[in-house]
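Per-chain numbering from 1; labels A, B, C and D assigned in written order.
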Amino acid sequence: MAKPLVFPVLAQFVSATAGRNMTRTAYVAVTLGVAMMTVLTIGPAYDAVAHWVDAVLWLCLAYFVFEWLVRLRHMRQRGRFWFYQLSGAGLVDAAGALAVPLALLAGVQPKTAWLLAILWVLKVVPGIPGLRQLRRVLVQESGPLISVLVIFLMVVFLASVAEYFLEHDVQPQTFGSVPAALWWAVVTLTTTGYGDVVPITPLGRIVAAMVMISGLGVFGLWTGILATGFAAETRRDNFLKTWETVSNVPFFANLGPAAIADVTQMLRTVDLPPRTTIIRKGTSGDCMYFVAAGEVAVDLPGRKVLLGEGHFFGEMALLGNTMRGADVITTKVARLLVLDLVDFRLLMARHPELAETIDAEARRRQLENQ
Amino acid sequence: MAKPLVFPVLAQFVSATAGRNMTRTAYVAVTLGVAMMTVLTIGPAYDAVAHWVDAVLWLCLAYFVFEWLVRLRHMRQRGRFWFYQLSGAGLVDAAGALAVPLALLAGVQPKTAWLLAILWVLKVVPGIPGLRQLRRVLVQESGPLISVLVIFLMVVFLASVAEYFLEHDVQPQTFGSVPAALWWAVVTLTTTGYGDVVPITPLGRIVAAMVMISGLGVFGLWTGILATGFAAETRRDNFLKTWETVSNVPFFANLGPAAIADVTQMLRTVDLPPRTTIIRKGTSGDCMYFVAAGEVAVDLPGRKVLLGEGHFFGEMALLGNTMRGADVITTKVARLLVLDLVDFRLLMARHPELAETIDAEARRRQLENQ
Amino acid sequence: MAKPLVFPVLAQFVSATAGRNMTRTAYVAVTLGVAMMTVLTIGPAYDAVAHWVDAVLWLCLAYFVFEWLVRLRHMRQRGRFWFYQLSGAGLVDAAGALAVPLALLAGVQPKTAWLLAILWVLKVVPGIPGLRQLRRVLVQESGPLISVLVIFLMVVFLASVAEYFLEHDVQPQTFGSVPAALWWAVVTLTTTGYGDVVPITPLGRIVAAMVMISGLGVFGLWTGILATGFAAETRRDNFLKTWETVSNVPFFANLGPAAIADVTQMLRTVDLPPRTTIIRKGTSGDCMYFVAAGEVAVDLPGRKVLLGEGHFFGEMALLGNTMRGADVITTKVARLLVLDLVDFRLLMARHPELAETIDAEARRRQLENQ
Amino acid sequence: MAKPLVFPVLAQFVSATAGRNMTRTAYVAVTLGVAMMTVLTIGPAYDAVAHWVDAVLWLCLAYFVFEWLVRLRHMRQRGRFWFYQLSGAGLVDAAGALAVPLALLAGVQPKTAWLLAILWVLKVVPGIPGLRQLRRVLVQESGPLISVLVIFLMVVFLASVAEYFLEHDVQPQTFGSVPAALWWAVVTLTTTGYGDVVPITPLGRIVAAMVMISGLGVFGLWTGILATGFAAETRRDNFLKTWETVSNVPFFANLGPAAIADVTQMLRTVDLPPRTTIIRKGTSGDCMYFVAAGEVAVDLPGRKVLLGEGHFFGEMALLGNTMRGADVITTKVARLLVLDLVDFRLLMARHPELAETIDAEARRRQLENQ
């Protein structure tokens, strides 16, 4: 029997799926499941490979049910059962596990019931990298965004009634009621313009032209608001991420809070996987790096120098020699702070003591490497 | 008889509708009225429920007439009769009350006359949250926006004459006159592209391609202008709102104007209704709050601490402990000033005396709660 | 005979048209001319009023020829004949005056020749308010804008060849050659989407989907570049306009250049025609004004106070009393500097001596008005 | 025989093509090649001039093969053979040289094989001016951009399944499968709107309206992100370019690093070809220039003054006299630093010693020219 073998695999699954939001298996299952659901709707393609498609769909469903049960158990053990159940992730997990079976039980046609497999794509949401940032922008700017939406809807309503009045005698088929005219107004104001419903009277066309130009305006306002919000959010995010790291680098530790705030605004945080080449010998560069966490290896002729937390490299680029002299590769997962040439010079001007430290170290290394 | 009952209700209505821009009843009436007007235009749907639709429409109209009369009386009592009558709100109220009855009296078909009920949506305008802000942006940037509009119109005219010249022999039906070509040009330059009028000669298509690319340019300019104006307006608005509040918080009162200007640029104002959870125990946070007005309750184990005007909370998050230790809920309508972690650190650098006060209070509270 | 009457009118015209770019008459002539040219192309409408249309067109043409000759004479008198002739304005004037007559002389059909009247709209260009600003943005950002245009064209070419390859067997009518596919690509990449040429093979549709998404990207880049350029240009423009004015206001004259630069960044310049109400009694306000040029009248009870160059008003709004106490109206064309509440407070913090002057003057006025 | 003549020409070609990315010949070859490839696909046009088209295509191909071989030899000589081969430029060169011949050898129809000539346009990529800048923006903002793309794809999938469910019974032809609905969703969400597939059920249209409005949102987010990134990149780029130049101008050399950083943020670098008129006598100007490299000639009455590295001109415009007093023309390729009036005044305020130097020099020149 397979059970003795299946169990340890399951146990591993349990620990893997319980903690993290999305395992690699889950990504595969979502992709496969949605792909098969798509095939299901293509008549001839499905008929050719019906058994395989059904098998994959059931497998994916089984996986998601299993994942959901594991998470429920895990959360109950930590006393966060209801917290999880009512959270966004919990609801998505439940919907992914239950929607299709419930539809099938309710007697819905299988081909239709399996369409609910599309809910599985919602599981990807928490894994989207910049989502939190986007949501903050939308929340911060919700006031003006809603204003624009209300204006959008008002223009849609006013335009569609005007257009209905002007066109419904000439085109009773397409402008026969206000809802039909509303459809036209949304299609036009978003500048989609299908062309299935088009005004033909001169006055109707003048109203339509004004609606299209308003469409550009709505677009512009919308974008302007989001651009403003995004710029503010980006500044905030960078600062937060970098402050944490800077205060952990010994090099900056003896600076006062004013100077740290200054330095923080100049550095950018970068996280790199192991065995990533940061600097390639012979290329030109315009930034230096501080190791905030992890370790990097400098490939000097004949030997390898390991640099750990608090060390820096690439400073030659800022002191006149823009051609990189050696390969630098991460040996572990590393968090680096990047200082651009631009900011190095501003920093040099405001905190000469820092610049001297870098300068001295650079000269020491140059001597050593000769 | 119902009169004795109706009168106090009316009296309450009078006071409610006279002062504020939009009562909840008015929103309901607008929504219902526009919905019924829409139903009116759908032949079969209307025939099924004609009586109900008519009744609701007349009711809404009666409400708006009543509201208008109440406001007129209210304004006359305060000697602002003509000021109100000629203001935007007064004109909209008058139009909403009179347009449909006048059209019916003038002998317009009822189905057509009721279309004027769409004017009721204009009553929503003053209630749009960020409208004042949007209008300021449009006014401030009106110069460049009008320039772009003039350029837009010039491109439209030049393109349509060119296209008429190139296409009217081949497609006399669609490009038979310059106005027809103007329709094409607007549809194309706004990138709507219905497809009802499409150039088919090679030269005509080259002109059209240039018009489309210009369309992108017009779009970009428009958006760029609005984005710039919006960024400036947002900065201004935040500053104004916050300055008022900051100077009312005792905590900041003994700072000089330079420091207040500094602090003001870092704080954000938030208005919250009663019984809103500001901080949820166990979540992580990166900001602290000052109570500018109203009151909040901190849910400590065993007791509830009420914090009124001038107090602050959530400061632990800024001092290393990002996990929130207690629920905080508003007890009344409260205006809070939010200080982000980012700005707290900049503030700490520039005004160490403020940071020390926060630090001392935080330590006092920690001792107290042990 | 009419000559003795016509001559002084002409003489006045000469002086009016020679100096300025566009007289009011010229605007009327452009509008009428283009409108009549439009009517000319509408068969039935033209037939009904052919004589009138022709008369107006010839009149407009006569005006533009006359205007051109007057300007030529004017410029020759100042020795700038060739400078004018080869400038944009000179070329447009020449084209407006000569294009239609030359076409008629060359034997072109009158209906076609008069289409060249569209060139008259180009005369409007120098009168567009923010044009110089827009041109500066386009010049400053020309590098990245051209890059995006080149990328746009490359995507168009690559996509159209791919689409031609994939579709020309299935749709020989619409995708029969690369130029036909190019038409499709431009229509799609600008998201216009006429729908006259649509890929139908699965692979063709995938390529098309990628083109559409690239279209969004191109759009976004374009807008981002223009928004950035526009923000920089707006800052620069405001500064320049205000600096000139600030240094002419005695109130600021005794400040050092550092303080003037500071003040300049806070003020906004506004030019107003005579008899414009700047402040309306009883409204609320959040800014004060300096008179940089011209004069304003303050409508106090019983008397009118005139404020000339260097004076300020509306300062009560910044000192706690936001309700305006009197109407203020311009008596001549006036240039005002606007100081927002936001900036007044920052100014107060940085230059307390200025704030004191304003404060003292405000208190003096308050006493006077009691 | 032609060989003795051909060889020196080839030798010159070799040196020209090996070093630079794109010679003028290469641009001509790309343009001609792609144009001829386009003609090839137009049946009647090709038949008329088939021999010429073929000849040009083969010639272009020959040129690209030759260019590739020359570069390979050149790179092998410098030991960078594999570096080049695996770089983007190397791959593009190889594809341009080999794609068409290999396709022909593989027995593909000539008309189809020559379509691969479109790959030649990729050679233009490294020559695009602002490309490096655009790439940096895309890399820096890749996080949020990918988020928006993922959200875009999720909306596309959810909408297309919903639309398939709602429409496939009514319109089996166009909404017959999820892939068909996906096509509709992409066409709609990008606001392209061909109109070949349009929902007709009421619910389907409501879903479609929401998709269109989401399209505006996606657009806005995308643009907002790119605008933010672009603004940051522009600042950085200007600073870097200018710093290098400023430190080479003797005039600024004796400033400390803080002042240089200050000055750098105010100057703009401009590179000009020889014989370019920088200042035209009699026009008005609002900036002054420093010569960072090269030389310019000032056309004074009776004599020509040459100004080399480190000199400045146009300073009168900043000292009150905005009318330019003389033509200034570059004599060699020149790199100029432009100082706007705006920034000159800020600079004057912060570094009075610099302003005095400019002032003194200006007065000296004025005396000299009298």
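Operating definition for what follows: a contact is a pair of C-beta atoms (placed from the backbone, for glycine too) under 8 Å apart; a residue touches a chain by one contact, two chains touch by 3 or more.
Keep in mind the model is a prediction, meaning the values are calculated, not measured.
Undergrad: If you fit chain A onto chain D using the CA atoms, what's the rotation angle, as a multiple of 5 degrees?
TA: In degrees, rounded to 5: 90.
Undergrad: Please decide if copies chain B and chain C contact each other with the same set of residue positions, more than half shared, or with different positions, and reply same or different.
TA: Mostly different residues.
Undergrad: For A-B, which listed pair, A-D, A-C or B-D, repeats its interface with over half of the contact pairs the same?
TA: Among A-D, A-C or B-D, the interface that shares over half of its contact pairs with A-B is A-D.
Undergrad: How many Å are there between the centre of chain C and the centre of chain D, using C-alpha atoms for each centre?
TA: 28
Undergrad: Just curious, how far off is chain D from chain B if you go by their C-alpha centres, in Å?
TA: 40
Undergrad: For chain B, which residues are shared contacts with two or more other chains?
TA: Residues 179, 191-195, 219, 223-225, 227-228, 231 of chain B touch two or more partner chains.
Undergrad: Which residues, counting only chain B, touch chain A once they are in their complex?
TA: So the residues of chain B in touch with chain A come to 34, 37-38, 41-43, 112, 115, 118, 121-122, 124-125, 128-131, 133-134, 137, 149, 152, 179, 183, 186-187, 190-196, 218-219, 222-223, 225-231, 234, 286, 340-342, 345-346, 348-350, 352.
Undergrad: For chain B, which residues are in contact with chain C within the complex?
TA: Residues 143-144, 146-148, 150-151, 154, 157-158, 161, 164-165, 168, 176-179, 182, 188, 191-195, 198, 202, 205, 209, 212-213, 215-217, 219-221, 223-225, 227-228, 231-232, 236, 239-240, 243, 256-258, 260-261, 264 of chain B touch chain C in their complex.
Undergrad: Quick one: in the complex, what on chain A touches chain C?
TA: 191-195, 223-224, 227
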